[in-house]
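Two complexes follow with subunit A in common, the first pairing it with subunit B and the second with subunit C.
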Partner chain A sequence: MNSKSIRNLFTAPMLVSFLVFGTMPFWIDAIGLYQYLGLEVMIWVIFALAVNLLLGYTGLPSFGHGAFLGIGAYAFGLTQFNIAANLWVSLFGAVAATAVLGGLVAAFISHRRGIYFALMTIACAQIFFFIASKWTDVTGGEDGLLNIQRLPLDLGLAEISIKSNFNLYYLCFAAYVIIVVGMWRLVNSPFGKIITAIKQNDSRVAFLGYNVWLYKWIIFTLSCAISGLAGALFAMAQEGAYINIMSLQWSGIVILIVLIGGGFISFWGPVLGVIFYFLARDILGAYTEAWLLWFGLIFMLMVMFKPEGLAGIWQDAQLMFGRRKEAPQACPEPNHAGGD
Partner chain B sequence: MALFEARHLHKRFADQVVLEDITLSFEENQISGIMGPNGAGKTTCFNVLTGRYRPDRGTVFFDGKDITGLPPRKIARHGIARSFQMMNLFDEYTALENIVLALPEVSARGFSMTHNLAHDVDAQDRGAAVLARIGLGGREHTPASDLSYGQRRALEIGIALAAEPRMLFLDEPTSGLGTDATATLATLIQEIRKSVTIVIIEHDMKFLFDLADRIAVIHWGQVIAQGTPETLRENEWVRTSNLGALA
Partner chain C sequence: MVDFLLNLLPHLLNGVALGLLFALLSLGFMLIIGVMEVINLAHGSLFALGAYFAVMLMGQDGGIPLAFMQSYYELPAVPRYIIALIVAPALVAVVGMGLEICLRRTYGKDPLYGLLLTFGAALVLEEVIREIWGPAEYFLPLPKAIRGGFFFGDMIYSNYRIFAAVFAMAMIGLLWAFLNRTPYGAVIKAGAHDSEMVRVLGYNLSRLRLYVFAFGAALAAIAGIIMAPIWGVRPHVGVDAVIPAFVVIVLGGVGSFWGAVSAGLLVGMVVALTAAFLTEWSLLSMYLLLLVVVTFRSRGFAGKASALEA
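Moving on to the complex of A and B:
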């Protein structure tokens, strides 16, 4: 791989995010926060990016994606308990199980769009939720799947323990780096351009000769597989898999996060949204138990006045800053002699 | 044998018969026109021919192959492209991105998840050449939503052209265009006819009679006349209707 293709692989915002997240465990305590929060942020960023592949890039509103986060968590635990207590095998089990179930769901719903698609994702998520709650022998029902281990990271030559939040964070960060680079590649590839074209005008895409159903199926399955990976990491973080993350509430929250962040206009929207959500939870939550009420109000204000979300505010600020920098060149210096 | 043939097509929506025993044929490298009053069934006919609607009865052949009832994507893969009466662009994309997506080499590797389209110089150059051909040179990086009405119409045709079709269906391409833009479009169609067989639905009778080699008149979902523009001018129905007066 030559230096140009390496340069094409990374972008400046990507490198900034790697720098910020890559150093986070070293400064998060100093700003009054804690290591586990960083871990949560990292996992939810992966999950939100997966959701945004559907919502922001393909225009497919999945209101039941929390189910796939949960399936990933359960599958990680079940693989670990029943197949092999190996990190790689368990991670593969989580991703494969979520991809298979996601692919199955996608086969039924990929011919739909808009509100019908959204309703079918809710229906499917409810099916998975009730299976998880009633199949107690396997899932532990309401109690969840307890004692999921943070299995050691086997690198062949060395084995690294990820029992500490610090070490587990860096496993999540490695997953984040791979997913961000891969996803950036994907959204700028022909495949990525076609899914975004499907969001804009799916009938025109079909008349160009593309199989819209198949593209929707693939992107839904891929999004589920990445959600499953996030679920597996979440199971390790929580040392258990619990049914609450499969509820519609959590599926709604991740949509809220993506929209507040500005997933519709920016690749980085979900990242901003997750940071905003967890900071709001911890900072507003320190003052009031009703912090979600205030968060909801912020969401309403955002929808009313800046539907492009935090990414939109950032873009506006960049434009404004850019104009200020250009202004002296564009306009002659004011004549201060006359006074302002 | 004609390049494209539709035989005895019928289409109804609920209890309303929209197309009744439509038989049409379009010869290779000719411009064929379809005319008729509003509500005659012209656009429905286009939609049946290009796969949006499946006919209730009848058959459609392209280059000797039966394409009856195939979905739009499969018909497109046979080398048939179309433009739309209501503009169907990718508004979030630039003019160039709209064109690039339709290029055969891009659609051939549509499932590639690693190739960066923005760095594909060949695709960008070919897209820019299509834009130049339709008079949108220099507008490569303008978002489709920011183009003027006439430019959007041209882009609509450009997307269809970029697919390098053997056959191009144009649904009311002059709709909403001024005199100059219509003249430019007529020049473009004259230029592309060398390589593409074209079928046009059109309300602007002068435009259609000047361009078309053959015209079919559809009324009440039936073909009531067809022939060259000269013979149609003599047709009693065309002469007594407003459509004939405009021609």
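Moving on to the complex of A and C:
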């Protein structure tokens, strides 16, 4: 691999994120936060990146993605209980189950776009939500699926326990690294160009001879599979799978996180959004019970005045301080996805 | 067989009452989609807010603990109920106007921004309700005339459901007459068809949008007040209401008055009948119905092409 292809594989913001997240467990206590928060941030970053693959890159607003996070969590628990108590098997079970169900949903909705797409994802997610909340024998219903184990990480030569939040964090971090590198590669590949084109004008892509339906189906299924992985990690973090993450409200909140971060204009928007959300939860939450009220107001202001989100503010700041040359993609058109 | 049908009758009547209320709720939702091209996810919160304002105006548990309100609460229940039915929607209409002013910045952009802004508003309104009234459930006191039940054959049937069905039917009729028999209705329909052209013809489009949003919000509030004794009044009721509204609109087709009414009735019937036989699954049936219908008829029963497909 020559140096140019290495440069294409890794970018400066990516390395910064690896540095920050890679060292987080060592300084997070020092700044007054706690290890479990880091774990939550890492898992939700993976989930938000998966959502942004649809929302930011393909222009498909999935308002029901929380369902797939939940399905991943339940599938992880059920594989662990019923098939094999092995980490790899259970993770595979979670990803496979969400990919299959996501693929099924995608088959129903891939010919749609815009708001109708959003409404159909809500309907499908609500169906999964009701099944999960009523099929008590399998999912535990309102109580959730309890006692999910943090299975030991079997690397062939050695077996590492991930019972501590610290060790589990590094498993999540490893997943993050793989997903970020893979996703960056994907969105900058010819495939990525086509999904971005679908966002801008899907009829024109169809006229060029591409099978738009198939591209939408692939990207939706892929996004669901990654959400399923995040769900499996979340099940281990919480040591259980609960119904609340499948609710419509959570699906909405993840969209809100992606947008606040600036998923429409930047690959890194969802990452910023997740950090912002969890910091807001802990800082505002320390002062008031009704922190969601203030978070909602911040969100409304953001949609009104800066729909490009935190990433947009960052780009503006870079322009203002005259670092125009280094500024990544000054975003000549509002709908351009793909700056770094 | 006759027994079975007789047993079914109350459920069918429930279905009609529920369906008409769904239709009323969705018509407000549809007016807003038509003129503003915005999916108002806060519609359910406005519905809930209407119910809370009505509880406040009816007194008892949720009343305002101020001296001058106490003499008002001593009025008989019927005038208080009528006042609540008028004043609460008017208050909600004012909230709706505030929301519309926020929404102005999203016009002409991707319709997704309007959807997201109203989602944020729904979150905020629900938290505001929690702050003011707390998480506990309230019950809307009713005048004697519409409480209780009556015997139909050897079955008891609730007076209130009959009242709710008749009231909703009357409101739907009035709304139809307003939209089709008055010049204001003509402007609203024209605005839904082509808002730029309405502006060119010299109507003040911003004011039209403001009033239509307020009107849609008031319809949501009326539906909320009528639904309150059936569903109870709690902060989360907004989410329970907005989802049937959008299901009805997608089923009936955007832009079709009678499409929405018939879809509302169908959804109400399906929910009520599944509730009769499979209580646990009653809400699921609504989504399955939606998936089946939309798979075969992508714009619902009577929908036209609209901004939502962009």
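Keep this in mind: the second predicted complex is superposed on the first by the 318 of 340 C-alpha atoms of A that agree within 3 Å, B and C clash if a C-alpha of one lies under 4 Å from a C-alpha of the other, contacts with A are read in each partner's own complex, and residues count from 1 in each chain.
Everything below uses one rule, namely that a contact is a pair of C-beta atoms (placed from the backbone, for glycine too) under 8 Å apart; a residue touches a chain by one contact, two chains touch by 3 or more.
If you're wondering where the values come from, they're calculated on a predicted model, not measured in any experiment.
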Superposed model, subunit A: greater residue contact from subunit B or subunit C
C
With the two structures laid over each other on chain A, which partner does A:212 touch: subunit B (first), subunit C (second), both, or neither?
first
Touched partner set for A:78, first subunit B, second subunit C, both or neither:
neither
Now for A:8: first (subunit B), second (subunit C), both, or neither, which partner does it touch?
first
Contact-wise, after the overlay, does A:233 reach subunit B, subunit C, both or neither (first, second, both, neither)?
neither
Could you tell me if A:241 is touching subunit B, subunit C, both of them or neither one (first, second, both, neither)?
neither
Taking the two structures together, which residues of subunit A meet both subunit B and subunit C?
none
Given the complex, residues on subunit C that touch subunit A span 39, 41, 102, 105-106, 109-113, 115-117, 119-121, 123-124, 127-128, 130-131, 239, 243, 246-247, 250, 280-281, 283-284, 287-288, 290-291, 294-295, 298, 308-310
Flag every residue of subunit A that touches subunit C in the complex, lowest number first.
61, 108, 112-116, 118-120, 122-124, 126-127, 130-131, 134, 248-249, 252, 255-256, 259, 290, 292-293, 295-297, 299-300, 303-305, 307, 335
Sort out for me which residues of subunit A touch subunit B in the complex.
8, 185-186, 188-194, 196-197, 199-201, 203-212, 215, 218
Touching subunit A in the complex, subunit B uses residues 50, 52, 71-73, 76-77, 81-82, 84, 88-93, 97, 100-102, 106-107, 109-119, 159, 163
